[in-house]
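The same chain A turns up in both complexes below, where it pairs with chain B and then with chain C.
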Partner chain A sequence: MTSRFKNIIPFSMLVILAIIPLVLGIGYAVSYSFGLTGVLNNGFTLAHWQTALSNKDVLMSFGYSILLSFVSIVLCVGAAAFLAFYIGDKLQSGRLSYFLYLPMAFPALVAAFFFFQFLSNGGFLSRFFFQLGFIKTIDDFPNLVNDKYSIGILAAQFFLTLPVFVLLNLSIIKNENIAALKTLGASLGAKRSQILFRVTLPVMLKKSFPTVVLFFIFKLGTYEIPLLLGRSSPEVISVITVRKMQRYNLLDIPQGYVIAVLYAMLVFVLLTLSLKPSKINMNV
Partner chain B sequence: MKRFSVFLLTIFVVLCSCKSQKEHEITNPANKPWDSILATAKGKTVVMNMYQGFKKGNNYMNEYVIPTLQKEYGITLKIVSGQGKEIVNNVMAEKESGSAKGQIDLCWINGETFYQLMQIEGLYGPYAEKLPNAKYIDFTDPIIKYDFQTEVKGYETPWSKSSFIVITDTARVKKIPVTMQDFESYWKQNPGKFTLAQDFMGLTLLKSWLVEIAGGIKELEGPLDEAKYKKYSMQLWDFVNRNKKYFWKNGETFPASNVTISQMFGTGEVNFTFAFGNSDIDEKVEEGLYPKSAKGFILQAGSTYNTNYIGIPFNSANKEAAMVVCNFLISPEAQIKKSDLKMWGAGLVLDYSKLGANDEQKFNDLPKLIYGLPEVEIKQKSIKETEPKYMIRVDEDFRKYVIDAK
Partner chain C sequence: MFKGRTITAYLLIAGFVLPILLLVMLTFSANWVYPNFLPERFTLSNWNEFLFKNARLKQSFLNSLIIATAVSLFATAAGFITSRWIAYHKRRNFLLILSYFPYAISPVIFAVCLKFYFLKAGIAGNLAGVVLAQLIITFPYGIIFFTSFWNRKVKNYVEVASTLGSNDVITLKKIIFPIAKQFLTTCFFQCFIISWFEYGLTTVIGYGKVETLTINIFQFIKESNTYYASLSSCLLVVPPVLLLWFNKKFIFQQTR
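Coming up: the complex of A and B.
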């Protein structure tokens, strides 16, 4: 009886604090998008879905967000693996670890402002090169924020996410006893490249995959950094959703909910495909 | 018999509506004697939604308004951050959920927010003209009577007046452009030094150019005229599109907010920024963000002059206390303090001619602007806001015809 009671409490908390609000929130969004809720809605309609889906900005936004998140994750995972392999022991403690983990304390909005001040034409880096005489005017400094290639967004996201993946990799290296596996591979005659590509990387990627997917989803939904460092068009999903919900035309709000529902569906599909119970082994 | 039944039914409906109208008049807090309102308000907590990104405004509220209300009226005023669409969303959500007692008692609004709140019947009123200190306000002044050409009808308390100013640096811009033609020449000679934000400020600039194209505000007065709007707005988008290659980042992107433009103006990345409120330049120069060579000027179309207001949400649980706060905010004492550059530097919403000799003197003794434009010049060139639907259309079409146009 006590054991059963012990299980009921956390399960109830999960249902009350996480599942019910999520289901109600999505239900409200679906209802709003079909015109069933909302002061200015007049009953069931497919018009908001038709308008949103025929709007190329919405589709571009999904494509752009997925691409941006993918590139951001690839950069972070690659760099984190490199750091963990080669200087992992130095990152466990000491000054280097302090500098590496410091970004984790930064809120996204602060990081966005910091990168804007650092990388913009009137920013610190531009002025530094101007003072050194590398550029004639600050306008000669390349576009690194609000730029075509989203460099500013990628840089800010890299800064914030890298420590998480370094920590994850260090944890996997330790828990999976990678050092012993490497020694075993070497003793069986494998070359360094074979050890890396046949042993180390597959183990690391397999173990970190669920976390990578979760961060991919997390990056899909980021708001402040793309808002401040991104371009007016294309916009990431969160920015276009907020724009539809918070601009001057109240009649655009249902379209914002359509995008929110589409985003929720995308996240659900990603989670279903990637986080099968057998794969959930975070090891963080 | 049937006719008689219809007659009786009509009489019944009329009597019922008379009764409910009478009930409304009695239960409407604004119809109570002021002493009774003051008594009910005492000891209440009023929650106010306002933009808190303005240091001087926050200081004015925290250091002067909140302690004075507590001391003189026994009202606790709590400020909660929120503006524009956040307020509308909050009121809308409460309306949808049928909430009779709302979380917010007061909100700082104007223009499209007022229009949207009225659209969803989200404001309490009419009450403003019944406040004792309303005698200091000229409600026939079109800048006060109409909020973006929507008649206020007592649903908002005017709080201060402000005007749209363009700011430049005379050290960097020798010949200040005023007309659209001037700007076109300037951009060609100085590419990359101009941009506009996708917010209220940028939209006001676009509306000012729309007024210039239309030949003056008179042409755009009243409800949105689709034919006129199409005719003039197409010329506007053509003007922006043919010149945007000379804008900051080749016009391929526009900052989300004017705050970013002001920062870029401070660092020299762009040569123009915008403000609503004439004291903005003095404040930023004093803070060291703008150079001392910064100067405000007015566009050819004129300076869009508007009023910002305080509204009471329809479901405020403390309407009496909210009205007492509104009344205090439009008192000569609070308004003169608010006009003080050291406090806030906001434009006086009271009719100067209705002030007593003592208050008039206090107002005249306030420090004068150093870098901002003289108030007389702004008033001479002031123009009314267009109807809110212009803002909605300009916002949508700026994205459609400029930002998303490849």
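Coming up: the complex of A and C.
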């Protein structure tokens, strides 16, 4: 095999399966959003961007998705850090370590379905409280799915993501030798709170930052869970995009592409920030 | 102190096991009327229907299996080959960020942007189209996965073999494959699971014509058929749970 031939195969695969779809997909969305292609479009226009950017639903969708992803990540990171320190030794070996991986066997759709069956008015939790006599009718149980505070969505996302962050924290504690750093801090006279806020947490947050941002990006684009457990307004980015593009009203389609382009730009910026060249250590 | 930690650990695990138990219970249930905590009776009829009567559910299971196997085989092989080229490329950081993008972007949004081309090519609404669409997200995952494999140690082995007169084929067979075996298996199963779990992209590119288990679940939920939705959910969860039994790493993909 010549060196040139050896390079052509991987290069072609990268171009055909990654670069071309990316360029074509984003390119089509950009040209549709500027009126250069698609049904009812007659040439370059900024009208679709103006309509989309002045649409309250679109702006709310971005704000809601960002807030939801942020809260979801903060809950997971906080709980995972607590669990890793508090019961990390129990979760690292033996039978319990097996169960820690169980949520990863759940697709988002099944997790959403379970939480619907668990948290809805007619669900397990409501029935449980009814049997205990805490509620008298089905309506006495608060709305925990399709609800104002997105409790159902946050619960499902927490269930799916928590184990990943617990495992990440356990590996950081081990690899960064946090125990030794804590002992060193204590021997130098630091208080427990000082060790926590000046040593442990900064090291862990710094090490887990790229993963945290990556998961923030994943949560921004989440689809199945908000589709099942979310409300019709506000909608997350992926749900509003798909709804606008698959609607019978053709005038809504360009707005869908505007949202897709804005979302892609947001992902690109976040990825570039979190995956700085220095952080990609190929060790070669 | 010790007791509190033990209780916390068991509560956490109970929270992780509960969904499986409740979903399995629902598959054996009939007449689960509010406010009863347990169904009025337990039955095998839902499983009986799936195993012997419901051709649609069986076809969906088969479709999911075919798509996931094809996608994971190709994504693993292509990811392995391409990641090596990227690892030793002078612009590897840029190429890696480029690989991350299709993987990080929401599959359903990516799918609606690409749907036009799939329709033009005549592959929307069939298995081949869904396999190709899923490859677009799993292939970058394969590249990212294998980047940690192509390290200095592997490079040194290859260089030593080359110095000792080995050719490319022998190096691949006798050196790279034995070291990469575990990586290849893990990547295969992780890609299998990404594909097995996929819903948004499959529903857009499959155009409602390619039924997979995830699509079935959503249809059953819309029809308020809790028992069949639970059964499809169990069918979807069982393979990853079995893989977990063999090796935890097999299912450790970054859940969305």
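Note that the second predicted complex is superposed on the first by the 252 of 284 C-alpha atoms of A that agree within 3 Å, B and C clash if a C-alpha of one lies under 4 Å from a C-alpha of the other, contacts with A are read in each partner's own complex, and residues count from 1 in each chain.
Here, contacts are C-beta pairs under 8 Å (C-beta built on N, C-alpha and C of every residue); 3 or more make two chains touch, one makes a residue touch a chain.
Please read all numbers here as calculations on a predicted model, not as lab measurements.
Student: Looking at the combined model built on chain A, do chain B and chain C fit side by side or clash?
Tutor: clash
Student: A:57 contacts which: chain B (first), chain C (second), both, neither?
Tutor: first
Student: Is A:40 touching anything from chain B or chain C once the two structures are fitted on A? First, second, both or neither.
Tutor: A:40 sits against chain B, while chain C stays out of touch.
Student: Thinking of the overlay built on chain A, is A:241 touched by chain B (first), by chain C (second), by both, or by neither?
Tutor: Only chain C; A:241 stays clear of chain B.
Student: Quick one: is A:90 in contact with chain B, with chain C, with both, or with neither? Answer first, second, both or neither.
Tutor: Second partner only.
Student: On chain A, which partner touches more residues: chain B or chain C?
Tutor: C
Student: Going by the contact rule set out at the top, does A:143 touch chain B (first), chain C (second), both, or neither?
Tutor: First partner only, chain B.
Student: Just chain B (first), just chain C (second), both, or neither: which does A:122 touch?
Tutor: both
Student: May I ask you to decide whether A:69 touches chain B, chain C, both, or neither, giving the answer as first, second, both or neither?
Tutor: Neither partner.
Student: Quick one: is A:228 in contact with chain B, with chain C, with both, or with neither? Answer first, second, both or neither.
Tutor: It touches chain B and chain C both.
Student: Go through the superposed model and pick first if A:14 touches only chain B, second if only chain C, both, or neither.
Tutor: second
Student: Of the stretches 19-27, 37-45, 181-189 or 217-225, which one in chain C hits chain B?
Tutor: Given the superposition on chain A, chain C and chain B clash at 217-225.
Student: Enumerate the residues of chain A that count as touching chain B in its complex and touching chain C in the other.
Tutor: On chain A, the residues that contact chain B in one structure and chain C in the other are 116, 122, 138, 228, 245-246.
Student: Once bound in the complex, which stretches of chain A touch chain B?
Tutor: Result: residues 37-40, 57, 116, 120-123, 138-139, 143, 146-148, 227-228, 230-233, 245-250 of chain A touch chain B.
Student: Please name which positions on chain C make contact with chain A in the complex.
Tutor: Going by the criterion above, the answer is residues 5-6, 8-9, 12-13, 15-17, 19-20, 22-23, 26, 34-37, 78, 81-82, 84-88, 92-93, 95-102, 104-110, 112-114, 116-117, 135-136, 139-140, 143, 147-148, 150-152, 155, 168, 196-197, 199-200, 204, 214, 217-218, 221, 226, 229-230, 233, 236-237, 240-241, 243-245, 248, 251-256.
Student: Any idea which chain A residues touch chain C in the complex?
Tutor: Result: residues 1, 6-7, 9-11, 13-14, 17-19, 21-22, 24-26, 28-29, 83, 86-87, 90-91, 96-111, 113-114, 116-118, 122, 124, 126-128, 130-131, 138, 159-161, 163-164, 167, 214-215, 217-224, 228, 237-238, 241-242, 245-246, 256-257, 260, 263-264, 267-268, 271-272, 275, 277, 280, 282-284 of chain A touch chain C.
Student: In their complex, what parts of chain B are in touch with chain A?
Tutor: 84-86, 88-89, 92, 95-96, 112, 116, 119-120, 192, 198, 249, 252-256, 260, 263-264, 267-269, 388, 391-392, 395-396, 399, 403-404
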